[in-house]
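Alright, structures below, take your time with them.
You will see subunit A twice below: alongside subunit B first, and alongside subunit C after that.
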Partner chain A sequence: MAAARGCLCSCARPMLPRLCVGLVAGPGSLLRAAAYSTALGVGSAGPSQREVAASRRSRTSQIARNRRVPGAPRTEKMAVDQDWSNVYPTAAAFNPSSVPLPIRMGYPVKRGVPPPKGGNLELIKIPNFLHLTPPAIKKHCAALKDFCTEWPTVLDSDEKCEQHFPIEIETVDYVSAGPSVRNPKARVVTLRVKLSKLNLDDHAKKKLIKLVGERYCKDTDMLTITTDRCPLRRQNYDYGIYLLTVLYHESWKTEMWENEKTEADMEEYIWENSPSQKNALDTLLRIRAAEKITEVTREELLGSEMVENYKTSVVVLKNGETENNILQYKESVMKLLNLRA
Partner chain B sequence: MLRSVKGVICQGPKLDSGYFLHASARAWLSAAVNQDAQIPAEKPRAVFRTNESNPANHAEQHEGQHYSIPLQEVKVVFPHGLPYRFQMQMKTFNESCLMVRKPALELLGYLKSTNLAHPAIRYVIYGEKGTGKTMTLCHAIHYCAKQDWLVLHIPDAHVWVKNCRELMQSSYNKERFDQPLEASTWLKNFKTSNDHFLKEIKTQQTYMWSKRESTEKGRPLGEVVEQGLTRVKNASDAVGVVLKELKQQCPLGAFRLLVAVDGINALWGQTTLRKKDKSAVSPEELTLVHNLRKMVVNDWNGGAIVTTLSQTGSLFKPRSAYLPHELLGKEGFDTLDPFIPIRVSNYSQREFESCYQYYLDRKWLQHDRARTEEGRKELLFLSNSNPWQLERISAYL
Partner chain C sequence: MAGRWVQPSSWWRAMLLSGRCSSRLPSTGKGASSRHCSGTASLQKTEADPGVTEEEIVVPRKKTWDKLAVLQTLASTVNRDPTAAHYMFQDDPYLIPRNYFESRLFSLSRESGKNAAKYIVNEFPRFFEKDIAEPHIPCLMPENLTPQIEEVSEAALKERIQLRRVKASVDMFDQLLQAGTPLSLETSNRLLDLLCFYGDREPNGEDQSKQKEELEESEEEVPDQRRRKGRSRKTSDFIGPKWRENNNAERIFNLMPERNAHSYCTIIRGMVKHGACVRAHDMYTDLLNDRHTADVYTFNALILAVPEVKENYIERWELVEDLLNHMVQQKVQPNLLTFNAVLKTVRKCGGMGKGISLKILREMKALNIEPSLATFEHLLGIFYKSGSMEMIYEVMDEIEGKTFVARDPDDDNFFVSAMRICFSLKDVDLAYRLHKVLETGDNWKLIGDAQRQSLYCARFFSLLCMMEQLDVILKWYKELVPSLFYPNAQVMWDLLQALDTANHLEMVPQIWKEIKQLGLSNRPELLEEVLALMAREIHPQETQMSFANCAADIKSIFETRERNQVPLGWTASALGNIAILFSRVGRIQEAWNMLELFKKNNRVPSDKVMNEILTCTKQSNTPDQAVELVQLAAAFGLPTTAKLARRVIEEFELSEEQKNVLEDADSQSSDSDSD
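On to the complex of A and B.
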């Protein structure tokens, strides 16, 4: 094939008209032409071969001559106090000759080191934030400043912000280069509010938590409502505010069926009227009866210190069981039943 | 597959060492008799053994030491109560040695100071898997048996809520189900341990078993047990009658009753049994469980109720669960409340040393490295001082 190509290239030049015969026919015919040419005579074959070889060498040297010699990498020309945002003004792939850092990345060869940055695909594949250095961000802020209003000086701490603006609204704007500026994700609105800022009593708070379910986080006392059911952002915001209003008013109301709340629905353990209280009182009454002390009343027993102690230990145990809780429970039961260790 | 192979390997050395031990034990005993005067031979014994075989006299100084129970007593007191591996160990070593540990001493202290006029106090022994809860319970049972209490021992309540082949509808109450096989096994073992009591206690009312069979008022309780054993169909009801009679008569003071239940969390959990229409059977629909639940309520006096929580045989509970509320569930906790929880944990340094010396003395650890300090450290590390784990590892050595 190389020989055929060589032949074709040499045919391009006007110096060898002999081999132009088989030009259009294809490689098979060229070979035949070549065979034909060799059959003509040794003398004529020799110079053609030499000329083919010579043309090949000169062609590669021409390619070599035409090939541009790469200059020094940019890193060598960088000043120490240069403006980095000129090197990476936008998000761009990692360029080893533009980044003057001796970074190594990749899995090291046996008893070797990670490969250097030159031609390192691993460094090019990963996203980089070379375009977002602090000076670059400062420039972004300076550019955006003209479009911003002043931050109110009164709100200088997080607590003051929370106090004056308890509801936080989160919206996201999307910018992309494309035929349309619309993005359906931009209609999502997230409303966040702390329940301690709302005026709720005990029953209202429990009812609200039951109504919202998973949207409430107990650790941060934050209610998060995310709406995206309307096509426009403004509509979603209105709907979110409406939901908050409805939840607040509904949780203050008490329905008739709420008095059917069973023990399984309770959020926390209440000791009054629980089997634990009954058992404890029964046991104590029986002990007193055995000792022939009959003047003791239930109220007196309920108010006594050891029953209080027992009550706290049971409540703590029911809410969360740990070794310590059980030891406390054990001590309180021993006091209750008058057992000595 | 692997498990069965392991089992074979386990059996192998045991049998050999068993025969070997017989000869060596006899020789050793005779040697000990001859060398009575030699004190140094006794000293290594004293670390892990004590001669005090009456649990009533066990005190803090015996902590960590093994005491042996004569095999005759074991047959009477524990017809069905010792863990399976312990029974195999008993057969191999030809002696049954229990370690005296702190939780057991605590429990014995409470039992000694029980006020028989007060309602029965409930004790719940809990702890991680394999720490010795059942053995603590057995220690308490031995004490009570020695003190001539009537011991009502249910070896494993989990057996009653799973793998029942014959589930019959109860004749007494249409809603409930009988388990004839389990009930008759239990009655047989109960008879072995409490024969003399059964002759003395009389029934307080007449019980009709069928149109022709009945037990009159005033007959000894042993007859009820016989009825249950001969007519297996009525076994569960016989168990119910026995429990009811004992509960009624114990406050009168003729005897002291110890209710010992192993794996009490089975009574309030779930069962794997199914009715004919494939719906699940809940525990209270089983006669045996229903009657036992009535027994562990503290509306009677004149005894004590000692129970253990067990995750090992339990159904639908995760392996890491060991705290009372986790295993008992809400219902169980509310029924048993107020109770005294007793914690059993892994071996302490002293106890581990004692157990290790015991195994060495019984020539159970055959490996050469087992005697060295390194071997001991390795055993400590591998078992993490967990008694169950230590026993299993030592079986391979």
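On to the complex of A and C.
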């Protein structure tokens, strides 16, 4: 409680001085100190009090003389070319008497500078990397080389890696200061693979994409499976691989009910058997009939160039509108309906 | 602090996958890898460019290592920080220990804190049941130290032996005997082991008051031991528990219906450990009469006990030879400790030691036993005492570049003894070689406890101060202090002498700062030495200024009265030197204060002091003070009063009155009370 009050005092703004004083006078020990200081300050209250005050003063001054004085910080003794990794071998809190840098941190008081490093809580709170300077890392890497095996010489570029090992597994390890090394977030496993590397035909690919739904990204052609439903990382990895296998095999199979695929299920626009084809053909036939030209068969019409043109422009348009596509559509419609003027 | 070790770049993808492909996941790995590899192989045929040929990818097998290997490797990249105290102390300018006494106090208090915590955890286990550490840390959980089995049975006895409760197990044994239950030989032997190991006392010295009574009793028993030669006595003779006549171990030994060799051996070893050496040898004779064979540890103990049994050198050696012959007869193979015990005993055999020890060494080599540091230490002890110096060089040649492990309890004496010999031989190169041996590998672990380490470093540094150049000395000073030892007054004295020899007296104030920080500033000899060195010659002006500040500091030390401490007494030389230093920089008022102090403390200043002060007075050109000075000199009855007076008359502008006064003072050498 007293500590909380102290904190409040320290961060209270200067416009609350009365409140501060009121709070200071509250706790018992501080009250005693206040009484003590007033006893010394008054001084004119008579010889007995003066004696008492004097003896108290001599005792405190003796205590003050015997009080241990802090030595010089050891930064003064440090050589300029010392080996820093010996001073901070492991992750440790910032210690102002061991770090020979003139660092300042914190919010500056009005018209002042940030507080210096001595007793600066801000510097102690933040994580520091004084134990991982580049020379230290070099030393660590040189020492750990013995634990590593050689990289296969064949895999010397990104593409080759992708080519030989198309599946990427991503796992995260968590480190924290505490009595337990376990972290439930560490069981998450992410599997990524490009669909172009899998042996899928058109139907299989479409079915797979429908099966995985959101996990497929069209722009990068990447399927991402994230598993965390098992308690252990190994189990999640196995489950992820199992999912991939199952998806692959299932997408190759064709079920009976798949032929009931309606137009709403289609991923892309197909011109055959679409209303656009019917309409175009009907219109052309009617034009032909109106102009009393000899009967032309539907197939001939379909095979003719302007219809092909129309077909491609409609398909392209339906699949994504751009300025060019619209102009192309206009051209093909004009050719179809013979609107050249 | 959580660190994400995500490897987004493709560089790591294959590494991870190769990790998967290899032996780490045996259940799924093989299947997965073959499937992946075959999958990709087939892919290559369909989609690869026609130009690229199929290549063999050799995925190397992952290396395995034990749990601590990575940490140990990383630890090997880190060395000692020379400016830091031992890592167990809090690294704060206020809390770092400044001298040897403080470091011992802090480390002991830290240990005592740990023990107190352990005691609380074991006394109140109901508050420490929650275990959040993962993986489990067994040493932080409360231990069950009370015996659980209550009824009188052999299992209960075994439990008490296991918990190392000496008194409780003896009581249980007596109860079992009264109840008539037969005890197996093995349990009886284990009980004997416990009693002999702890000398029939509780392991932690819990019955401290009982111990004191027994010490008084046993003092009457062993007056003859004390009359032995002083050199062979160790403090452990007095501090350790002594073996009482007919204590529980012997009583139980006599009560045992059957005894085997192990029982005899345990009793003998216990007796030797606790000082009853003659009885141990008697027990050995009993063992031989019972036609048992002793084991190698018993023989080691018996050999160690020989100097207590026999006084004469030749008899000692004959007894040792006897025991060794018995070993051969009983076909007991000697080990390193045997040879070290022989050497230790031979050390107390006077002049015969040299030849015998070389023979012992040859035997060790023949048996292919590597000598340990204790062996070398005994050798050094034997040869050095009789004055031959070459042994240490040969030993040094032998141990250079080797790493040692602790194989004998006496290993930790080696470095200290060797450095002592280097010091007395005044051989710096040898000391450097020894220090290098200390720094190879893990040899530093064999330096012993803090006191030994401090002794070693103090001797090393003193030797360097005597023999080396100043910059080398200062470099070693920075290297050794405070991480390895805290200098004592003798070391600082040597350092000051080294400064003097190198003619670098301007560094004296720096050394004074170090002395103050080490808490050695209440040693009068150090203070005197510092002042004397500063005041001896005249130096350039800034040096003089720093000297004067230093002198003021020392003066304040003389004057402060610490609580419960007697203040340091002023000596004439101290006062004089301080006065000289003040006067050399022109701090005339303070110099006068010193003269006052002379009078107050009944000391007489020397001529040099008066001359210096006079020179200073001349600079400030106050004739009154000069006259006063001469009067003071007359008051002290100094023989140079006349010369001083003449000097004053020559050098100063004086009024008639003053001249008269001076002539008065000049003529008479006794007290003058004129104005």
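One rule holds for everything that comes next: the second predicted complex is superposed on the first by the 194 of 341 C-alpha atoms of A that agree within 3 Å, B and C clash if a C-alpha of one lies under 4 Å from a C-alpha of the other, contacts with A are read in each partner's own complex, and residues count from 1 in each chain.
Note that in this section a residue touches a chain if its C-beta (ideal position, glycine included) is under 8 Å from a C-beta of that chain, and two chains touch if they have at least 3 such contacts.
These numbers come from a predicted model, not from an experiment.
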When both partners are placed on the shared chain, which of subunit B and subunit C touches more of subunit A: C
Partner chain in contact with A:174 - subunit B first, subunit C second, else both or neither: second
Which of subunit B and subunit C A:74 touches, first, second, both or neither: second
Subunit B versus subunit C as contact partner of A:124, first or second or both or neither: neither
Subunit B versus subunit C as contact partner of A:199, first or second or both or neither: second
Contacts of A:140 with subunit B and subunit C, given as first, second, both or neither: second
Contacts of A:276 with subunit B and subunit C, given as first, second, both or neither: first
Touching partner for A:158 - first (subunit B), second (subunit C), both, neither: second
Subunit A contact footprint on subunit B (complex, rising order): 106, 109-110, 113, 115, 117-119, 121, 298-299, 301, 323-326, 334-335, 337-341, 343
Subunit A residues touching subunit B - in the complex, by the definition given at the top: 274-276, 279-280, 282-283, 286-287, 290-291, 310, 314, 317-318, 321, 323, 326, 329-330, 333-334, 336-337, 339-341
Residues on subunit C engaged by subunit A in the complex (per definition of touch): 1-7, 10-11, 13-18, 20, 25, 28, 32, 36, 40, 42-44, 46-48, 55-63, 65, 69-70, 73-84, 91-94, 96, 98, 132-135, 137, 478, 517, 560, 562-563
Interface residues, subunit A side, partner subunit C - complex: 62, 65-66, 68, 70-74, 77-79, 82-83, 85-87, 89, 91, 95, 97-98, 127, 136, 139-140, 142-144, 146-152, 154-155, 158, 161-177, 179-183, 196-197, 199, 234, 237-238, 241
